[in-house]
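Have a look at the structure that comes next, please.
Chain nomenclature is as follows: A, B and C, assigned in order of appearance, with residue numbering initiated at 1 for each chain independently.
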Amino acid sequence: MQAVISFGTFIQALIWSSILSLTAIGITLLYRTTRVPNFAHASFVTTGIYSSTIAWVFGFHPYWGVPLGFILSGLEAVLLFYMLEPLRRRKASIFLLMIATLSFDILMYGVLNILADILQFEFKILSRNIYFVPMDFDIAGIRGIVFISLAAFLATMVALQLLLYRTDLGVALRACMENPSLAQTLGVNVSRMLLISWFIAGATAGVAGALLPFYQMCSVYTGTYYLAEMFCASIVGGLDHLIGAPIGSFLLGFAKILLLSSLASVVGPDIINYMMIIPLGIMVITLAALPTGLAPLIMRRRGV
Amino acid sequence: MEQILEQISLFVTSFIAVYSVYLILTVSLNIQRGFAGIPQFGLVFPAAGAAYIIGNLSTRIALWVLGIKTNLDPIYESSGVIALINPVLSSQPLLSIALFILCLVIGAVIGAVLGIIQVAPAIRLRIDYLAITLLAFGEIMNVIARAYRPLIGGEYGVQVPSVFGWAGKNTIVATTVAMLIVALIIYAYAEYLGRTPMGRTMKAIRDNEVAAAALGKSLVKYRAIAIVIGSAFCGISGVLWAFFNGSVMPGQFVRFNWTFLPWLMILLGGLGNNKGALVGATTFVALDRFITYYKHEFVGILPFDVIWLYQILLGAITALILIYRPQGVLPERPYIPKDVRERVKSSIASSS
Amino acid sequence: MLRIENLNSGYGKLHVLYDVSIDCGKKEIVAVLGPNGAGKTTLLNSIFGIADIYSGSIKLDGEEISKLPPHSIARKGVAYVLQMINIFSELSVDENLRIAMAFSKDKSSDMLDYVYELFPILKERKKQRAGTLSGGERQMLAISIGLVRNPKLLLLDEPTAGLMPLYVSLITKKIGEIRDQKELSIVMVEQNVHKALEVADKVYVIVSGQVVFKGLPSELMGEREIMKLYLGMGD
């Protein structure tokens, strides 16, 4: 076992953890506000991937996919919110809510596949092999994606912190996460708070998706492929606190990349195919030992 | 004329085959969700797992049983091995059927074991954690199959012996008839299960966990039973599909077909209701087969594969059902045992 | 202050209240009594816009509120103290009150001082996490959360439910004090008939969704049938 982690591996882990955090924060946020695990998050991410693609086929640098993905995935999430509203008002069981998000995901998967087919047909690209790594810039030998993904991650965390703790809207949002019926009696428009949180969740996922092609090869299936990992990150961090999302993501991200690279030197490069198992394994262990995740441990120490 | 008959026969047999598989899947889902309230969003895991293992083992078992020796690798050179096995197998109908049944049994056991593994981490936890865990496991199965080549040769898959080769010209018909028989047996058993005290206990737990717990019914025990039975059925369905296709490949077991569609079918019929599963399965399998057979007609008209429209349509239908008729098109009627029904009838008659 | 006329309401297809009319003036406590499932909570839910209103009118200070969404009704000055899960358990007592104040139009700390005077025990436990308070203290906090927004109408859903006798008396007494010291109207749903009658100015009894009695507490005591049949008060 190497004592020193190679710089390249560290960079990989950093990029992946940042991107994963952007997705996990949305999942935790939605879970806290709407009390449902959002299976359509996969589609939000894939929409981001194809936002970069769309920017690219129209002649823009694919990094323009970031603002585009932000908006498109945000709106997509709002659409799903409107679909869930009648169910939520009826106090539908969590089952029905989960199935609803799953069916939306299936629906969007069809839509995105059609988009990919059309892009391939009209623009003659390999729309199921989206790979923008060669188009990345670099600063002092370090790829641009490192800076951009870290910046996106930090910006999101700071923005959320400011929103939630420095604005009236943020207080209302937190009250909703804590106790929606009480918040409603205090005059909070719970529906609108949920709408806002769905937009935020979609938008962050869209940004994550837009950045993914600068990290690896992507297709329509990529979002679905990583859905389990996104959930693992949220669960390991703890679904009861928003801060759990980045905590879980970085833990999982680093664990995965570091473990893979050390195992690869022992077992060989085939190990990369088993990438999925590590986050799943960690989640299983976390559920067995610490179902509420890591965040509560940290929160308690801060005396909150 | 012969061509048309052949086309019809192909359509009908593939319809029956797919229908049988979905019947079993919906029954399995009903048992897990309808009886024990488990949000099994990873139905594909036991089904695919059983299929993969049978893909791996069936050839070896056949070789051993038939006493054939060969240097060919059963996994990587499966077509060569199968070419050796099939002629011998087709002259021994009883042995073939025995092999078939053996594989079903193994598939059921594997399915059950996989189901337990899948549920174990979160069996005591809240439904949402359970759902996420089950989904996550579901996604893994294909990853493993593609990555671990000794299982079924990675991306290329393996062939499996033709256990109905003895029927000669009627092999496909024989296969589908066998599938249907197995499916109907499973359906009948599930109906029966719903009427046993155990089945009704499970439904009670689903409807009101707290009340059931207060009556001393162990949540974990009944969830486990439901998972074992349901996943065993899933395993059987995976094996049946493998034999129908004559091969096992990772690409066959996607979430859309093996998890989402069964959910849609039971939603249509109302959760917990097997009759609804019948209706749902019939409708969607018909649609699916129709599209599979006629989608080449659409090439050139649409710049995309029509199968995606199918997925969008189904996603939308599910959403609509959830919003407007979540109890399903055919809601569940609680099962009242005959003697209770008699008593109620007579007491109503005597009081009027 | 609050005038409900011929209210028919329920939840979806379930019709719960039939032609209910209720009046509550300023500085008045109206107690709503009745057996379980009669529709008492539905009444409060209807006022607050959570239940479905089929027909009838609900006027607050002359203004029709029956078609408004709950958060708008809250902002018009209606404070609804729910029966359960009515505090932010992760926050401290003080934070609970401050959050409630943050949502009110009048941001002055007058009402905050008032509730701390009314419930000195809350002042003592200012920094304590609300989830660790005892049942009675929680109810006091829940009522304070409603009060601190200086509402025109205070809706209380079984404020003494599940509390020990000491707290039942204390809270009932305090509700009376609020009526005396402030300008608001109070509609109180209660199971605890005796305590409710001690402090109420007017009583309505609802059975199976209909008002079967309206009058003074003293008048109700005389209605032996109603007391026995619906309120479980024996001879």
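What we mean here is this: contacts are C-beta pairs under 8 Å (C-beta built on N, C-alpha and C of every residue); 3 or more make two chains touch, one makes a residue touch a chain.
This one's a predicted model, so the numbers in the text were calculated from it and none came from an experiment.
If you draw each protein chain as a dot and join the dots that touch, you get a simple line with two loose ends. Chain centres defined as mean CA positions place A nearest to the mean of all protein CA atoms. Highest C-beta contact pair count among chain pairs: A-B.
The greatest centre-to-centre gap from chain B, using C-alpha centroids, is found for C. Rounded to whole angstrom units, the spacing between the C-alpha centres of chain A and chain B is 32. With each centre defined as the average position of its C-alpha atoms, the distance from chain A to chain C rounds to 43 Å. The centroid of the Cα atoms in chain B and the matching centroid in chain C are 54 Å apart. Counting partner chains per residue, chain B has no residue touching two or more of them. Touching chain A in their complex are the following residues of chain B: 33, 39, 41, 121-122, 125, 127-129, 131-133, 135-137, 139-140, 143-144, 146-148, 255-256, 260, 263-264, 267, 303-305, 308-312, 314-316, 318-319, 322-323, 326. Those residues of chain A lying in contact with chain B across their complex are 31, 35-37, 39, 83, 86-87, 92, 94-96, 98-100, 102-111, 113-114, 117-118, 121-122, 224-225, 227-228, 231-232, 235, 270, 273-274, 276-277, 280, 283-284, 287-288, 291.
Chain C contributes residues 12, 48, 69-72, 74-75, 79-82, 85-91, 99-100, 102-104, 145-146, 149 to its touches with chain A in the complex. By the touch criterion stated above, chain A contacts chain C in their complex at residues 90, 168, 171-172, 175, 178-179, 181-182, 184-190.
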